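Here subunit A shows up in two complexes: once beside subunit B, once beside subunit C.
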Partner chain A sequence: MKCNILGQNVKVLARALHALARVGDDLFIDMIRDRLLLRTVNSTQSAFAEFIFLNRFFTFYNLETDYNDEPPKCKISMKSFLTVFKTPNSMDRMIDGCELSFEPDASQLILKIQFSNGSTKTHFLPIIECESLQVKYKKNVPYKITASAKLLTGAVKNFRVNEDEITLSVSPQKTFLKTHVDTNTESSKIVHTELCLLAGEFEYYNVGNPLSITFCLKQLRAVMMFAESTSLPITILFDTPGRPVLFCVSNEAIYEGNFVVSSLSNSDSQVTSSQESDSSGRISSNQPAVINRVKPALTNKTVNTLESDAKTQLVSSCATSLSSASKNRRQSRDDENMDFEFDCSNNCNDAMDCNDVDNQRLSMNESNFDYSLMNKVFGRGFQLSSRPFLAVTEKVLAYDSDGLEFSD
Partner chain B sequence: MKFRGKIVEPMCMRQFSSIVLTLCKLSKESVLKLTSTQLLFIISEDNAVPRRTMAWCVLDRKNFFNEYTIDGQGDNNEINLQLFMELLASSVNTFKAVDSVKSVKLKLTDKITPCLTLEIELVTSIGHSRLCVHDVPVNVITRAHAEDYAQQPPTHNYDISIEMPNLKKLRFIIDRLKKLDHFVVVSAQGSGHMCFKVETHKATVSTFFTGLKVEKCSNDLDEVSSVRVDLRKLSHFLVCEQIHPDKVTCHILNGHLIHQHLKQYDVEINYYLMAVDE
Partner chain C sequence: MNTSSSSQRFNYLFEAKLDNVKNLSPVLKAINFKDNATIFINDKGLKVVVEDSKCVQASAFVGEDLFQEFHLRTDQLVFCLDLTVMVECLSILDNCSSAGTTTALNMYYKSIGSPLKLLIEEGGIITDCSLKTKDAIEILEFDFPVENELNKIIFRASDLKEILNDIDTNSESIEILISPNPPHFRITTNSITNQCYIDIPKNSEAVEIFSSKSPISAKYKYTQLKPAIKLIAVSSKTSIRINEEGLLCFQFMIKTVSKLVVYVEYLCTPLVDDE
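Now for the complex of A and B:
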């Protein structure tokens, strides 16, 4: 397959890569009919990001394969790709265009960069594996707000640089952004920040009942970085706590970016599943620490603005979390109501056995809990030998049974 | 106990945040003393028994706050709060980072823990005002313990009071010397000479400054007053160059103490460095 990109668009691609690099360490490249997909998932699999570039983005786009053939796909290290696009700011001035090509069975991805001074630089990026990453998520969720990147960056600037998670509380008139207070940390050690945004400041605001949702700020920062440079608005789509939050940046019919981030569930400890499943091909020099998302959530449905209520609410939400924990688990078993989870199977075309997936998740959930604790005690280098080892060739990230699916 | 203050002038906000950010580098913890006329940051030396004041920073409330009400403890009408400077600094840092700050309100509130609440009023692009609230957790110091922080360390009959050389230059030099040893000998003469000397068994490095203004000298002009101090602590003080002081004076009590006195219009920082024995 082969595709060409022109000057200005190279900059967009570079920005997209930088945003993806903030999420994961590996880059999955897929070519499906008229679109190029760049995807990544973070090491704890709590966040997934993809960029879709339609063929109109390219000056030349050719798959060079029959429709019967398997579409070209590969996985490369994010670091190797980033070295090609180190400086997105000055790229459009220096670069005329770039050409991306690879053969179905090749071991290298070839990136030719045409500089405006007439020289050409060719990069050969090693392909780690021929695999792809698939994610199912749905976009028709009850809550949808769209804001300019400027508004969001202005708001997020008020938070500490090392803030991990924030709570977004929405109500028909107002939106609050708050520091997420973990029950484990002492309240005397953290600054509690709260910011109020009015509904009128958003470009689109569709909010029903008041709702609070907590998610990781890191991925939002990545989206904001991309959106700011392309001056596109960010759409935030979300559902009840525990379900993933989706950040979308879209330039109609040319390219779009979707970032799916897991949110802290209201009651149960969060689904964690860390991807350490590999040995052969993975070149990841720095394995990030397993993010501990196993924590009792404190978020409550009601928007808490009254300061005096804080204490009582804290107690009550802890109580409800205990009672609903078991219920939730049962529910997820019965209804296959799985939220943003990972499955490793050897064949993507086979229909997934949802029960299997669910069981696997629950078992992984438990082992992960231990694992993360172990990690805390022994440091990140510690590996639990009893962890299931799975050879991965195809990954399916399922969100909902009726969810939208991009892959075929 | 009540406290409420409001800063409106952008200059004052900037000044306040730069002071907090500077002090944040001196120590993790600090005591904020609020009185009817002044705001004081009192920083104690780490691991010193009994407690010893290392920095005493005075901010005149009239020059910072447009509104200021305090209802404190005791006859002096004071409130003493213990807080982590880093937490306050991170909240204060946003007035610097974010433009279009309309006003900043400081309040003492009782949430889950007692908090010093900063209410920052921002102006949005569509002209509405937006409120950002930071709750910085604090510990209220009881009246019995507040005595510790009641008095500024006494001024001694110093051997010499000399103007400090340019802090920026000195900081550059001191940071280089840090690599050699942990201690530095600071010495001054009535003739306007000042010397910073690091002695190791391999080398002795001295930096001389001349032509400095001597304010007071109780000995002969040629007599040298010197103090051996912790190099790291001296370099912490030199961070204060960030607030562009008008005048910095170094008071030396031979063999005992260095008292740095920094003055800038409405702010005063006193920094005490005890001598370290060989």
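Now for the complex of A and C:
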């Protein structure tokens, strides 16, 4: 496999990588016929991002494989890719082009950067695994709004940097962006930010019934960073709460970026309790069991509605209960957050864990919906569900049950 | 006025005046990778030497022509001082100056053992600094004869800076190869996540002079080369030489704000392979 990229486009690629790096730690590279796919998923698998570069993006693009052969794919560490493209800003000034190549069974990906003054830089990036990541999501959803990156950046800039989630409330006339307030947080103690954007400010606005959806800001910031540098508009596609939100940046027929982010399943203030009663009906309150049920379903690549729903909900409920638990530790010990406590059970230092969470939470300055933290607390549960993935070569994540198609 | 200054003058062993402190401070800042510096003064100018762990030595040569006044009333002066403090003093008025004004500097050294006095003046505001000096300690003497050099490359520093800008900082060592055959000049970095070759052929625009008699390659610690990479950034031309033992010698030509030239030499010993 070999492809060449021209100077200007190297910058685009570098920026795409920086946006992907804000989502996940591993980079999955796939070459399928006429396109190069770069994908990543975050550690809790609640957010996924991909960039698709069509062969037009390259000056030379050759897979060097027959159509019957397995298309080349690999997984490498995001960190190693970032060391190649550390400074996207100054890249196009000095760089003539970049050549990406790897052999089907190679252990390294070779990236050769050609400078305009005649010097070259050759990077050998170790390939971790030869697996690929697949996420199925659908783009035809009832709500679709498109805004310029400038408008969105201007709006999001008003939120504090450590804001984790925001709520997007849409109605046919206007859109509100506001701080998401947890159930257990005393709403008087936090800063509320609310912004109103009129429908006319958007480039495209297709909104039916009023709807509120809450999602994590971190991925949106990643998309905005990319969109701003390429001055492309961002399209936000979404459905009912609990279904994933999709951010799209597309430069027609050359490249596009899709960021899929799970949303909280119910954004009103009753979120935790309503969810519990909701889920307890179907899945009972025994959450680890739910995770176990996700496991066989995913390995067999047959995901039914109930289970995939359960997974998204689980992620969502984790998010709520974690932040509430950490902020309001004492309460969380005896009231409705039992699901959170349950996941840490068999762990004698329950209180210690919470303490840790609290401290870490306090020390966080950046706006990150701290999945690593979540992973730490829920580590066991998620590990259980992710273990079977390692054995199979293709990952199918249950983001949206409706969007799943099973191809053999 | 004249009489008072001339009567004062003879009390000092060394005295110098500089119109614009920005001619001096960036150079000293660039070699300030360790606190302790040894200063040599003779009638040709000033030499500031900074060393690290007996492996690295950086010397800045500031000619007396950089100063508007330069008086030395002895053959040679040698003393040590804390360079970090000196750099801080020199840049004390850096950020409060309005555009167009320059900061002037007067330096006095009365007698052996006395402090180095700095008078920094800008727009009528005078800052008086007194830096304690210490007796000079022995410095390393690297032998780098010019006559039988194996190789020498002179780079346009701006190009080299761009190329080395995003060098892999996780790499513990950096290998430098100079060879009469392609790839001519190669820097190799190696870390867990990334292995990288940087090749600069001799016909590259970045190279001004290239001479190499036989291939030589040696490994250096990244942390010890880091100050040199910083120096590349402030210089306009950079020369690289490696001798038979692998001793690396960088020379930097730094253009000051008044278009005068200051030279910095940077020597670094190679890593010895265990094998």
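Keep this in mind: the second predicted complex is superposed on the first by the 270 of 408 C-alpha atoms of A that agree within 3 Å, B and C clash if a C-alpha of one lies under 4 Å from a C-alpha of the other, contacts with A are read in each partner's own complex, and residues count from 1 in each chain.
Basically, contacts are C-beta pairs under 8 Å (C-beta built on N, C-alpha and C of every residue); 3 or more make two chains touch, one makes a residue touch a chain.
Here the structure is a predicted model, which means the values were calculated and not measured.
A.B. asks: Just from the overlay, do subunit B and subunit C fit on subunit A, or is there a clash?
C.D. replies: fit
A.B. asks: Is A:158 contacted by the first partner subunit B, the second partner subunit C, both or neither?
C.D. replies: After superposition on chain A, A:158 lies in contact with subunit B alone.
A.B. asks: Touch test for A:83: subunit B only (first), subunit C only (second), both, or neither?
C.D. replies: Once the two structures are laid over each other on A, A:83 reaches subunit C alone.
A.B. asks: Is A:6 touching the first partner subunit B, the second partner subunit C, both, or neither of them?
C.D. replies: neither
A.B. asks: Does subunit B (first) or subunit C (second) touch A:124, or do both, or does neither?
C.D. replies: The answer is second: A:124 touches subunit C but not subunit B.
A.B. asks: Tell me the contact category for A:115 with respect to subunit B and subunit C: first, second, both or neither.
C.D. replies: In the superposition, A:115 touches subunit C alone.
A.B. asks: Once the structures are superposed on A, label A:150 by its partner contacts, choosing first (subunit B), second (subunit C), both or neither.
C.D. replies: Only subunit B is touched by A:150; subunit C is not.
A.B. asks: What does the superposition give for the shortest Cα distance from subunit B to subunit C, in Å?
C.D. replies: Nearest C-alpha pair, subunit B versus subunit C: 8 Å apart.
A.B. asks: In the complex of these two chains, what residues of subunit C are touching subunit A?
C.D. replies: For subunit C paired with subunit A, touching residues are 159, 162-163, 165-166, 168, 170, 191-201, 203-206.
A.B. asks: List the residues on subunit B that touch subunit A in their complex, please.
C.D. replies: Touch list, subunit B to subunit A: 84, 87, 90-91, 94, 97-98, 109, 111-113, 115, 120, 122, 124-126, 128, 130-137, 139.
A.B. asks: How about subunit A: which of its residues touch subunit C in the complex?
C.D. replies: 77, 79-80, 83-87, 90, 93-94, 108, 115-126
A.B. asks: Which residues of subunit A touch subunit B in the complex?
C.D. replies: Residues in contact with subunit B: 150-151, 154, 157-158, 160-161, 187-198, 200-201, 307, 310-311, 314.
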